[in-house]
Every structure is written in structure tokens, then in C-alpha cells.
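Shared chain: subunit A. Partners: subunit B in the first complex, subunit C in the second.
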Partner chain A sequence: MELAAPLPAVKRRRQIDLLPILGGGFFALVIFAAVFAPFLTPYDPNKITITARFQPPSLAHPFGTDDFGRDVLARVLYGSRTILITGFASVAGALLIGGSVGVAAGFAGGRADNVLMRLMDIMLSFPAVLLAILIVASLGAGLVNAIVAIIFSMIPNFARIARARTIQIMEEQFILASRSLGGYGIWLILRHVLPNLAPLMIVQTTAMLAVAFSLSSALNFLGLGVDPSIPDWGLMVSDGQRLIFDAPHVGFFPGAAITLTILSVNFLGDGLRDRLDPAMRGAR
Partner chain B sequence: MSLRYVLERLIWLPVVLWAAATLTFLALRIVPGNPIQSVANQMLDRAAMERALSEWGLDRPIHEQYAAFMSSLVRGDFGVSMSSGVPLSRLLFERLPPTIELALVALVISTVIGVIAGVISAATRSRWLDYSVRTFAVLGVSIPWFWIAIVMIVIFSVNLGWAPVSGRIRAGIAYETITNFMIIDCIITGNWTALGSFLQHLTLPALAIGLTSAGFVARLTRSAMLDVLRVDYVRTARSKGLRERRVVYWHALRNAIIPVITLQGLQFGALLGGAVVTERVFSWPGVGRLLLDGILRRDYPVVQGTIIVVAFIYVLMNLIVDLLYPLVDPRLRYR
Partner chain C sequence: MAHRNQQRISRRQLLQSGVSAAGLFALAPLAKAAKMTPQALAAAAQANGGVLVFAAESMGETLEPGLWNGFGSIHVTDNIGEGLIRSNFVSGEPMPGLAQSWTISDDGLTYTFTLRAGATFHDGTPVTAPAVVRSFTRMTDDTDPSYIPGLYMASSHGSTNFASIEALDDTTVRIVLNAPDATQLHRLARPSAMPISPAALDAFGTNVGTQMVMAGPFALERFVPGQEAVLRAFDGYYGGRPAVDTLVIRAYPDEASILAALEAGEVQFTLYAPFTAVPRLRNSDTVAVDVGSPFVDLFLGCNCSLELTGSRDIRYAINYAINRENLIIGALNGFGELPSSILSPTDLGFDDSFRAISTQNLELAAQHIAASGFSTPINIELSYENNRFWPLMAQLIKADLDGVGFNVTLDPLDPGSFWGKAGDGNMQLGLNQRSTFVPDPNDKATILHSVTSPGALTYHETLASAPQMDALIDAGIAEQDPAARIQIYRQIQQLAIDEMMYVYLAYLTPPVFYSRSLANVPSDSASSGRVNLSGVTFA
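Coming up: the complex of A and B.
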């Protein structure tokens, strides 16, 4: 191993960031596939064709067919809907609830802050997957319940970040200025706290979108998510595991789709962080 | 870190544990049509259903159930499985060690690979290596464990035949259970055949988990090393005329390793949570499988017991990491 000569400081290279653009592009493609799935494939994702079982990838079926003769590409295209709906809905819910809790705690301070944050600590005493599983075990499987479960497992995350930033903002000079001019309560929050909180929350939301996607696919993989009749990537990987000896392609493509989607969101998130949050640049 | 902080954390601990147990208890009872109901619904005979409900104490008001649950929990009694009648304490003794074993080995893999890659990447300042480490780190957090596990099974088990597809040990190999940590038991009893088979079974799952988090460890190690390599004592070490290698490995690494230890401590808790997913793929007989089977069988004492135990371990692990921190880094001792 060749050791380089010691440098006084690390050089900061200024580079055009290609990865966030690639990530954004791919993610746009996934959304496009979800919206226009019926136009992108001639096959019905649920149509069972016994004569076409276990076909390897070919021109007619680029991703092959599964044990019911269903076209895997069609199922991957339609399956993007489940993961996107779950991901977006749960991130929106967690942002709304967690963000409100955090801003309220940071704004109010004192006892309210203490109570709210201890509550969040308790929720954080479960690993995220486990909290989601507990909620699904309680409510039962299903799309909506999976969303609720993911929302709850992500609330503390949003709350902590929103609170920390709110406290910072509340110490700024412009808050003092606004207060001395008679600004108070909800007006202060809407006019000053939220706009200053937004960049950080956008970054956080993008990062959590990747987490929501992976939680969603894990719940579905475990059979704790959507109904098996709905095409879903996690469920398809689980089906694919049964078929690893006969048709390994059945689980491969949906799994690759999950990976690429999460990867693209992560790249996108990194890019957004660099843009919107200079303090965190290069950190992580 | 002041004594006051330590005391505060220690006083807060039982409160968190109590709250976690209560949350679990309530979550499984608060919704109509919960597991209890559905166990009861499976019985056609009304009299039998009522008998069963009263036998499990489920016909009592919720606060009485809660009091009974808490008083047995304090005594370390997690209840009895509804489907098999086996006490949870025994199920946990059987299922917890395999999970901890898998998580620990995965952790060792990710630490060793991650730290080596991170140090080399920082010491050589190789662009190429830095890029690979970064890519690997993002890839690691993006690839779902269950999928990479299946891909590895297809490649290494199905196609190459290098590793077994599932399970913890080959069927038919006799071994004695003492602690139920297979590595320890096999070494105590000198059972090398069983140890070999166990390690064969352990390799793929541990690699699947370990490799995906190695990139993250490498990235953290690298940035910590780069920070440390710029501070005064490293310059002093260099100006003393120490060899670069000694500076990097002796002075810098010892300090850069601190955040890595924290990360891995927290990672251990996350791995326990993720066990539900990995164990399902490899049919690993751990606590995650126990939980999943419990959910599918609507065996709520099992669900309740496993979730509480894993949450307890998770909380304790986080606390230990927090409290150990100043031991590793003397600068944090007095704040």
C-alpha cells in the first residue's frame, strides 16, 4: 500500500454532480411507469396463462413469466404504483405529524417540549421495522395499515429534526425583531419558522422517502402489506424466492427495481442536501 | 459527561422499558378485531370460545389484564405461547441466541471490511477507492437485505453449490445445547463437525447483512480518518519523525475509530429489528422468525414477548453505547 505524502488540508474538489441528475431522471421514469403502466405493456399484470409458465426473458416477455404465466415486466410496471403510493403517503403523513410535533415542541419549549420529546424517545425505543411490524400486527395487513405503520415508525425522526431546527430559528435575530414588532404565536411560525425550516425538511423528506420505500417493500415481502392479488415488488421478490430453482428471474427484476428506485432517491437526496443545506455538505 | 447525566440516563431507563412494554401491550389490544379476537373467532363452539377466553384471562377488563401482564413481566415471565403452550422464556432461550449470533458475526464482517477499506481510502487518498467506497455505501443502504440475500442464494447455493440454502445446521448432525450459542456450545463440547456445518450455514446470511453495511462503515471511517489526520497530535507525531504507517495506524486510527464504534453499537440494535426480514429468507431459526410466525398464527403472547424483548435489547444497547463513549474518548469525560 502506497501512503501519500501528508497534505495540510483535504482539497475540496468542485465537481458537476452527475449522480443526483441520474437519480432524479430514473425516479421520474419510475413515476412515469406507474402513471402510464397500461400504455407501456400489452399484458394484464394479473392474467394467468398456464401455458406460458416459467418462461425465461425473451422478446415477447423481456422479464420472463412467473409460475402463473403472468408477465413479470407488466407486474414490475404496475407494481411501481404500490411502492410509490405507500412511500409518498407515509412520508407525507410522517412529515405532517412529526413536523408539527417538532415545531410545536421547539416553539413552546419547557414542559410541553419535554413531554412531546419523551414520547418520541419512547417510539424510538423500537427499531423502525419492529415498530411498523407491531402496528401491522395490531391493525392487520393491508395497504392503508402498512402506510399507517410506516408513518408511525418515521414520526420521531421528523419530530426530532424539526424541533432542533425550530429551536435554532427561534434564537435568530429576526425572531427577536419580529417579536418586538408584536409578532407572536402562529403568525411567527407561519411567517418565520416554517419558511426557514423548509429546506432542511425537504432534504429530510427525500431521505426518508428512501426509508419508506424500503420499509414498504420489507413489509410486503413479509406478507404484512398489500393483498397478494395486487402487484407489488416486495411480494414479487417473496414469490421469486419460492422459485429460485425453477425461475430465478421472477424475483430478480422486482428486486432490482426496488434497489434502483431507492438508489435513485438516495442520489437525489444527496444532491438536494448539497444544494439546500450547505452546513451538511459532504457530511454524513 | 457528568455523573448527573449518567444517573439521569439510568433513572430514565426503567421508564423507557415500561413505556415500550405498555405500548406493545396496548397496540395489540386497542384495535377491535385484534389477534385475540381472531383466535377466539376461529373456535366455532361458543362455550369453548368463552372457556378459552377466560383461561387466557381475556374476558377480564383491560386494566386487570394490564396489571397481570405487568406483574408477571416484572418477574421476568413473558407468558405462554397460545398456539404451542410453550413458555415464552423457553422460546426466547431457543430463538434469541441464533439471532444475536448472526447479528454479531455480520457486525464483525462489516467492521473489519469497512474499517480496512476506510483507512486505506483515507491514507492513500485514492480517488478511485473513495469513489468505490461511496458507491458501496449508498448501494448498501439502497439494496433490500431480502433481495441481496436471495441473489446470493441463487449464485452461491443454487448455481455454485458453495453454501447451504437455508437453516442453521445440516439436518442429522447431533450437537449438545448448553448456551444455545452454537459457536460457544460447539467449542465447549469440541464438536468440530457441528461447528463446521454451522459456520457454512452462517456465512451467506452474515455476508448478506455485513457487506451491505460495510460501505457505510468505510465511509465513516474514511471521513473520521481524514479529520484526525489534520489535527495537531498527528502533526506532532509526524514531526517527531515517526513513520507514516505508525502515524496512520497508531495515532490516527485509534481516534478515528470512536464514531465507528458508536455506529456499530447502534447498528446492532437495527440488525435485531432487521432480523425479521433476513431470517425469513434463510429460514434462520431466530427471534425474527418467531415473531413472524407469531403474527401469522395470531399468537399474541409470542408477538408481545418477542417485540418487548427486542425493544429492551435495543434500548440497552443504545444506552451502553452512550455510556461507553466517554470511556473510549477521554475528552468527553467531563462536560
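Coming up: the complex of A and C.
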């Protein structure tokens, strides 16, 4: 009886996914540009030189100049500050409020859970952009109001995920064990719920960061965000819109910056999800 | 479980699909445009009966002429309507419209109009004197079925000065004024004075604004509120049927869309393409550009009722801080002239000597700030409509004012919010314009009158000089002698400059964009915002 030759061992090679690395790298560049903008360009982003208007990209002005002769590269570099401040502040606020609501609802259960989550359902029934526009329209334009609007539009997303995961965690054996040893209330949340919730919320935070960048750009594009004299990518795209056939560089570069930044955060989020989300472990 | 994971669409796949779909979506119109050249599109339009598409910046929810509904609605009314009088924007003379002749009494109070024989409204109803009279009185007579409270535009054609208006017979209308008004004939050329069919007023009542029946060269075939109006050439027009069969006046969401539609041949006429496209379009084989006359004043209204902008020194400091050359180049792309006063260079009595005051002088700006008693930085808010060239203009003004000690906060608003805020009286500085709707100096000067034009941007009724200004404006209206009127309007301009409630920024000379397939385009009057396309033909 001849035995079949053993199959050659299949080497499980750990695949390196380049997209999260590229995404993370580009996003790090954006942060670097925001922090060190004054050292990366010799131009004042608000300096008006009417005689130098609409210059095409050149060595002196790699992204060209706009209506007022302002250097577009300088404005793109400084404009990264606005979108990053708005995005990070919005996500931090929404994470804090939405996460707290979700954990409270999941932990308390019963009527409190029902009331809080129906409230979140109502907020979710409005499209995020529309809700943000409604809030800014009622509060008035401005950076702070734009951040408040974006926070409100993202609270339900954090709340729902935090609640669902909290309910899962509360059914785990270690919670029962902890309770039997006298663990209760806030202590349980701080000691067991939050640490187990953190990976999922990190993944959700990166995903919502992209949404916040998109909403920030949309509000500024519509003139509902920062003061129009402040460099901002959404505003620059808005200004460039009417110039699309005659000076396309004015809107193209900030538009590309928005697109690449959002894509990079999404790719980074994908990578983090693959690493941190329990549901994705072993799926790839 | 693994199977479910394979079936699930990852976010990455979703992103890739989205990007691909967006790309295809963006390319679709380009592919479509590539198939049909502009010439082919224009030829197709002619073959389909001569369809002329006019791109407007907006379209109102109604065509009710007793209300201001934006320029889109005005363009429709100017093409479906006809007043007793027409204004000639080149000569400045009143011309016969539905009235073929008129007489004015020696005291300037009684106007007697003889209507043109055979003129009819679009529904076939004859244009008679009783019909004309009813069109005027419906705006103030609450027993008329078409009456809506607050049809304030009636005052622009002089209704508040009417002692009486009556039909002497079927073809004679007599208007008696309370006080002489040298500009009354031109007032009757305004859209609000264009007669409406009495049958339509009875049939549609207060909804007549969406089913307007007038007596102009085109008849309203379809009106989609907020979007477009489709007009059909009126066979019964007294001046002869327009050459173009169908005129579509359509609102476009932004300047870039208008430009794309113009270059693709989808649009044949517009005033609202971006000025930045003009240098390129001058070399275009398909699109022509004419530069209009300086009919439009651009200004910065200073609210005289507030503590800060109520200071004359602050208003003068603002005036001297602004670099108008930069505004004309940077915001208007060169389509403007340096301003002199409230009147335009084409107006009777225009005084050119005030241009020097509208010149940047940082030393004088600093002196006026020091004299005002306010300590720098002086916080001030600049409000404007967030469309057209206003945002650019606001940014340039902010840079100038910040440079002399102000700290300007920009306040971009939608048009409704802009006028709402102005009406509340809390707007410190507001950017706006005044177009020449009829070629008479009172058309501009009237906004300085504290009784007929209170509030708005400047709240000039709070100034001590308001009675003096009112008296001058009233005298300018009452005076029939042109030479004497010139002297009065010079005094009005001087007083307005002394008070500086309006800081003049530029005279806009707006370009008029049209397809080279068109001939007889009324560029001069069109640059005022009054566009009558009845004489336009396809070349």
C-alpha cells in the first residue's frame, strides 16, 4: 500500500496591507503641514497681491495664485489647520457625549435605555449634513457653531455602537464574577466596560473623523463655517467652483486635499478595524 | 460565518465603487457634450422652433409684480409685460408702450394717456382703459379678488402720489397726482406698472402671480416656481410677433453651471456667467461678450442709527480706507469704474467731481478714526449676500479696514437673511447695489429719502440732515425743468457725500454674455437688469 506523499506545508505569509500604511502616512503629513505651515511656505496665506492674481502653478507658486494673488499652496497648508481642528474637536465631543449616552443606556437598560435610544433614533432620522446645516442656520455661522453642529449630527453614531457593545460586555462572565465580588455602578463601567469598549470606539472614531472632515468641508463650502477670510479647504473649493474652466488650480488643489485626507483616514480606519475590532479578527 | 464575511461588502470596496460611480457620473455630461457641438445644439434649437434659453441667477416663487421676487422674475415680467410707457436706456427718453400718446397738464399734475388701438392681453381680452385702471388699483383695493396685503412695489410706480386714476372712456386713462413728479412717465415703465388681464385677475385671484397674463411680446406658457418660466411668442403683440418662438428663462444654481451651459450651447443668453471667464470667451467662436454701461451702483451701507456706524468720522474712515482699484480688479475682474456718488455717469445731474473722495487715503482714514473717539481695534461686522462677487468684495474690504485699525467680522448671509437682518436694524455695514430700473436720477436718489425709503441699510432717517435731504429729493421730483433738476441733484449728491451713509465702491459695468447665433441683442438695457428679448433673432 503506497501512501500518498505528504502535501508540502503551506507557508502562511502574513500579508502587509499597504493602504492603511499609506493612509496613515498621508494623514501624518497633513498633521505635519498644519503644525509647521509657517516653516513650509514663505508666503502669508492672507497677503493680497492683486497684480499676481490667477497665476498658474509655477516654481514660485507650485499651486498657483487665486483671485487676490494669494498663494494657493500657502492657503492649502494653513487650511489644513481648520479642517483638523474642526474634525478632531467634533469627534472628541461626539465621542464623549455619544459614548456616555450609549454606555448609560446599555448599562441602565429598561426605560432609560428606551428613552435615550429613541432620542438617538430621532436624531439619526435626519441626514447628517441636513442636521448640521439646520443647527448652524439656527445658531449662526462660525467655527464653534460648526463644531457644535457636527458634534450633534454624530452623537447617535457613537451612542448606538457604545450601547450595543456595553450590552454585550454586561453579559460576559467576568462582569458576573465582578458583581458577585461586590463590583457595582461606576466602578464596573470604569474597570470593565470602558477598557473593553475602547478598541471598538477607536475604530469608530477614525471612521467618524472622515465624516467630520467631510461635514466641515461641506459647511464651509456653503458659507456656514469659518470666517471667509480664514484659509479653509471647503471655502477654497467654493471659491474655485466658478473658476473651474478658467483657473482650475484655485479649486483643484484644496479639493484634492479634502479627497486625499478623507481617503487616508478611511484607509487608516480600515487598518485599525482589522487590528482592533473583535468581529474582524480572523476574517482576513 | 466565513461565508457571510466573504459576501459582506467592505468599506474599502464601497469606497472604490463610490469613486468609480462618481467618476462615471462626472464624465457622463462631458461625453454628452462631446457628441453635440455648440453649433449643433444651436442649430437643433432653431430647428425646434427657435428656442432661446436665458440663464437667470434665481427664479421667484411667484411673478406677482407688486412684490420683489428677484431678478429671475423681473426678467420674466419684462418679457411678458408691457407698460403704458417704455424707457429708452440710451436716450433716457420715455417711449410709447401700450399708450401711444399722452399729455401732461401745465401744472404737471394731470397725465392723460391714449391707449394703442387693437392691443390685447395674451388671453385675447382687449387692453382697455378700465383694464389698465384696475391693474393699478388692485394693489391697494382690498375688495379686488386678486388683492394681497403688502404689495409694496406699487409705490415704485408712484401709486402713493396718485390723487386719482380713472378711465375716461375705453381708450383714455387719466392719472391725477397729488404733487408734480418729473419721473412719473418713467415710473410707468416699471414691472409693477405693467397691466394684467382683468379676466385673469378674476379667474386666478390671489394666485395670478403663478399664471400671469399680460400684454407683452411673449405669453407665459408654463411657470415652475423657483425653477423656470417657458414663454411663447405672442402673435397678437401690437409691436409684431417676436422672432424667437420660445423663450425659456431658467434659474441655475451657480455661475459655473451657467458658464458650462452657455459654452455647451444649452444657454444662449445670460448676465450671470462668472466675470473671470470673459478674457477666454472674447476669443470664443460661439459666445460673444458685450460690456454694459455703468448703470449699477455698488455700495456699503452704514447704519446711522447704531453707535459705531452712527459716527460720521467712522463712516469717513471706512470710506478712505477702501482701495477701490483692488475691488474693481479683484472682485469685479475689471468690470467696473471708480465711483463718484449715488448717481451713475449716465444719470441727469451726475457730478464727476466726487471721485476724489472715493480714493483710498490711509492718512485721512487714521485721522478720522482718531477723531471718532473709538479706540482701536474697532470691532465691526460686515454683512453681505453670499453670492456673486460679494464675498470677494467683502474679503478685500476687510483687509483694507483691518489695516487701519478695524477688526472686521465677515457675516455672509443668504439673501432672505440679509434683508431680515437689515430690517431688524442690527446690521452695522451691509454690501448692496442699486440698479437703474428707469433712466431718471430719482431712481437712485430715492433711496436717500427718509420717508419713502426709511431703514433698509442706512437708517438715514436718524440723521439731522434727513429733512434737508427729503426736501431736495422732493424738489428734484417736482421740478420739470431739466437744467434746474441738474442743480438739485448736484446738491443731493453733495449732501449724501457729506453724510457718507453710503460708502460708494464702484459702478458695475456688467458683461452681457450671449451666443453668437443671436443678433439684435439689447446689451445696453440688459446691463441694467431690464432685459427685453422681443427684438432678438437667430442670426
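Keep in mind that, in the parts below, the second predicted complex is superposed on the first by the 264 of 284 C-alpha atoms of A that agree within 3 Å, B and C clash if a C-alpha of one lies under 4 Å from a C-alpha of the other, contacts with A are read in each partner's own complex, and residues count from 1 in each chain.
The criterion applied here is as follows: contacts are C-beta pairs under 8 Å (C-beta built on N, C-alpha and C of every residue); 3 or more make two chains touch, one makes a residue touch a chain.
Keep in mind the model is a prediction, meaning the values are calculated, not measured.
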- request: Would you mind checking whether subunit B and subunit C clash or fit side by side on subunit A after the superposition?
  value: clash
Message: One more residue to check, A:L134. First (subunit B), second (subunit C), both or neither?
response: first
- prompt: Of the two partner chains, subunit B (first) and subunit C (second), which one does A:N46 touch, if any: first, second, both, or neither?
  reply: second
If touched residues of subunit A are counted for subunit B and for subunit C, the larger one: B
Message: Applying the document's definition of touch, where does A:D227 land relative to subunit B and subunit C: first, second, both, or neither?
response: second
Task: Please work out whether A:I258 is in contact with subunit B alone, subunit C alone, both, or neither, and reply first, second, both or neither.
output: first
Query: Given the touch rule stated above, what does A:F126 touch, subunit B (first), subunit C (second), both, or neither?
result: first
Query: Touching A:D67, do we find subunit B (first), subunit C (second), both, or neither?
result: second
Message: After the superposition on A, what does A:R242 contact: first (subunit B), second (subunit C), both or neither?
response: second
- request: Once the structures are superposed on A, label A:S214 by its partner contacts, choosing first (subunit B), second (subunit C), both or neither.
  value: first
- request: For A:Q55, decide between first (touching subunit B), second (touching subunit C), both and neither.
  value: neither
Steric overlap of subunit C with subunit B in the superposed model, located at which of 42-50, 312-320 or 420-428: 420-428
- request: Would you tell me the residues on subunit A in contact with subunit B in one complex that are also in contact with subunit C in the other?
  value: 223, 241, 244-245, 263, 266-267, 270, 283
- prompt: Once bound in the complex, which stretches of subunit A touch subunit B?
  reply: 1-4, 6-10, 121-123, 125-130, 133-140, 210, 214, 217-218, 221-224, 234, 237-238, 240-241, 244-245, 248, 251-252, 255-256, 258-259, 262-263, 266-267, 270, 283-284
Of subunit B, residues touching subunit A in the complex: 16-17, 19-20, 23-24, 27-28, 30-31, 33-35, 120, 123-125, 138-139, 141-144, 146-147, 150-151, 153-154, 158, 219, 223, 226, 229-230, 238, 244-245, 248, 269-270, 272-274, 276-277, 280-281, 291-292, 295-296, 303, 307, 310-311, 314-315
- prompt: For the complex, which residues does subunit A have touching subunit C?
  reply: 19, 46, 48, 50, 53-54, 67-68, 141, 207, 223, 227-229, 239, 241-247, 263, 266-267, 269-270, 283
- line: Residue set of subunit C touching subunit A in the complex reads 2, 5, 10-12, 15, 254-256, 259-260, 263, 274, 276-277, 279-280, 325-326, 329-331, 386, 391-392, 394-396, 398-399, 409-412
